[in-house]
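The block underneath contains the structure these notes are about, expressed in structure tokens.
In order of appearance the chains are A, B and C, and numbering begins at 1 in each one.
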Amino acid sequence: MQTKLDVQDLNAWFYQKQALKNVNVKIPEKMVTAVIGPSGCGKSTFIRCINRMHELVPGAKVSGKVLLDGADIYGTMDPMDVRRKVGMVFQKPNPFPNMSVADNVVAGLKLLGTYKKQELSELSDANLKSVGLWEEVKDDLKKSGASLSGGQQQRLCIARALAMNPEVILMDEPSSALDPASTAKIEELVKKLKNETTVIIITHNVQQAARISDMTAFFYLGELIEFDQTANIFESPKNQLTERYITGRFG
Amino acid sequence: MHLLSRKRKETFVKILCFLVTAAVIIPLLWIIGDVIYNGLAAWNISFLVSPVIQGGIGNAILGTFIINGMACLFGIPLGVLTGMYLSEYGQEGWFASMVRTTVESLSGIPSLILGLFAYATIIIALSQSATDRHYTAIASALALGLMMIPLVGKATEESMRVISNDIREAAIALGVPKWIRTTRIVLAIAKGGVLTGSLLAFARISGETAPLLFTALFSNFWPTGINQPMASLQVLIYNYALSGYPNLVTQAWGAALFLALIVVAINIIVRVYTKPKYKEGF
Amino acid sequence: MTTDLEYLNRINAMIAQMQEINETLGAIVQDALKNKKQGLRSTAYEFSKSIQLKEDDVMEMCVGSIIRYQPFASDLRAVTVAMKLSYDLSRVCRYLYNVIETLDEFEVKSCDVKEVSALLDDAREMVRQSLKAYFERDAKKAAEIIKSDDSIDQRYRMILSMHRTKPTSKTECILFNGLTARIIERLADHACYISSEVIYLVTGRRTDYR
């Protein structure tokens, strides 16, 4: 099991409030790691520390190391470069409403680089195919990204993240706003994604974590309580808090 | 019984509202009707296309458009940049609050004062002596442009601010630098609001007379350059209406009709433009 | 995921009923063995059949609760353990029935059955205690039960060696005692399986007993 992300002594604050306390974890490569825990446990802060988005919030502070393939993203790396390597998909689908479906997929490349039109269009098609959206939208590529259904929008956002060819993809409850059929498609996609990239996914739905992840991390009050293979966590968690959370006794 | 009295109350309030609304609309319709009735009497092709010296208002129409155009060239970019700063960069800090206060004050300054400012900074500076003032349309454009800044700035800020943070986060997560994010995502999405605000600001300055009185002054001839005195519809109406000559008063009505049409046209354009855009949406 | 654990209570009530059937049949079998009664085959068969129906019920309830509640962690273990327990209990019943069958096959009037009778008592006690450990979620007690299986095995081998130690005994008696001891030894094994499930239920760790 190759380590993709090595998080060492990670602490995070919002002003005086400590949101993450001494988190140490090794996220394995090309696997799906689920992050679970009750609201306000630091899940979101944790993944936002991995693409350096936490620091954008007023009053935010971070200490510790996050090694991506051995290189500290809080070292000399430019935060913009970090975010290109570590993609993110959000709870609410957020395609750019001023761009067409096709342009949304390659928005990052288009805004950043000097790609030829032909290259962009090929990349757009390829990524729409890899998220299984191609068949559904191939006749509507010119329409606004905001005109798609919620589930389609979310897959469009995943395609947009994938188009950057990221090392890691972070997902913050990507299906919590979607209907069961769209959720199933997202889950299917997440399982497929791990062939190409490392996925870290926050979910409030413990069944979903059990279905799609290889590893599970349980956070409580800013601490990483337990990190283990998903099968172990859901069959025989070692910590009483984990046990109580996943059996629905609290949270 | 109780129900009936409640129904009566309802009817009473309805009628009251209708009467109050009518009281507001009637003077407006009266003014518009008056302007159309008296204005059309003055209108014919040569009236609209010949200069004042030949009994028309053509040079004043052109002058208004030139002055407004110059004001836009200066007021809109500054307004948009100010709005952009306030929405995306100036969330907190002393400088931002200073800018905010300045913009708000600017919108409260009477246009007469802005005209005086333009007069003091440009006309007096450019003049040889107190008896030989060099009046110029550029000074008018400065005064009107200053008026536009807070209008366009506010419109830009508002329409950028209402854009959900999710969109900004999406761009951040793609590693897009802030200035590209701000211009090519947020401003691009807000451009409808910016355009609307700019058009309304254009309509607003089209009615301003005070700043023009002692900057562009007036001219009876077709404009020959922007650094010259220049006729405008506003000043023409002002002069003619006060002249007391019946034929000039009629011409003032005609000019007023044209000015009113500009403003109404802009409002209609804005109305049509801001209609819901994504009809194909779910 | 649910805090409503009613389903576990219902499953446990079912398991308790299965054990009751085994207690009743066990007493009948012990009595038959001591008094060398024959002809109880059809009675015993009825018990065996009824416990199988209960086993099916428990399975159905367990599968249903997995579908409905998708239990995790200790709840999940409780459901899977209940499934295994119901199988083990139905096996225990089947072995008791086998003793009755064997009794019908042989002419045992003159045989000495004290040893196997004592063995049956102890094996039944093991089942009883392992169920107690289950209901009390007592892993320590379960571990002790598994340990006590060694003595059962030893006594089973002793009975098997009767043909050497008591060569004067009737062949039929040697055969009967050996067969019956073998059945009871298997029955005791299932008590141990139940105990190892109890350990898994409580600790989450599998013993490699089975």
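Definition applied: a residue touches a chain if its C-beta (ideal position, glycine included) is under 8 Å from a C-beta of that chain, and two chains touch if they have at least 3 such contacts.
Remember, predicted model here, so these are calculated numbers, not experimental data.
Chain centre most remote from that of chain B: C (centre = mean of CA atoms).
Summed over C-beta pairs in contact, the chain pair with the top total is A-B.
Spacing of chain B relative to chain C, judged by their CA centroids, is 94 angstrom.
Between chain A and chain C, the centres computed from C-alpha atoms are 51 Å apart.
One inter-chain figure worth recording: chain A and chain B are separated by 47 Å, centre to centre, where each centre is the mean of the chain's CA atoms. Contact residues of chain C toward chain A in the complex are 1-3, 70-77, 203-205.
The part of chain A that touches chain B in the complex is made up of residues 51, 53, 56, 58, 80-84, 87-88, 90, 92, 94-98, 107-108, 111-112, 143-144, 146-149, 157, 160-161, 164. Put simply, chain B touches chain A in their complex at residues 91-92, 164, 166-167, 169-177, 180-181, 184-185, 188-189, 278, 280-282.
Of all residues in chain A, those touching chain C in their complex are 206-207, 210, 234-238, 242-243, 246-249.
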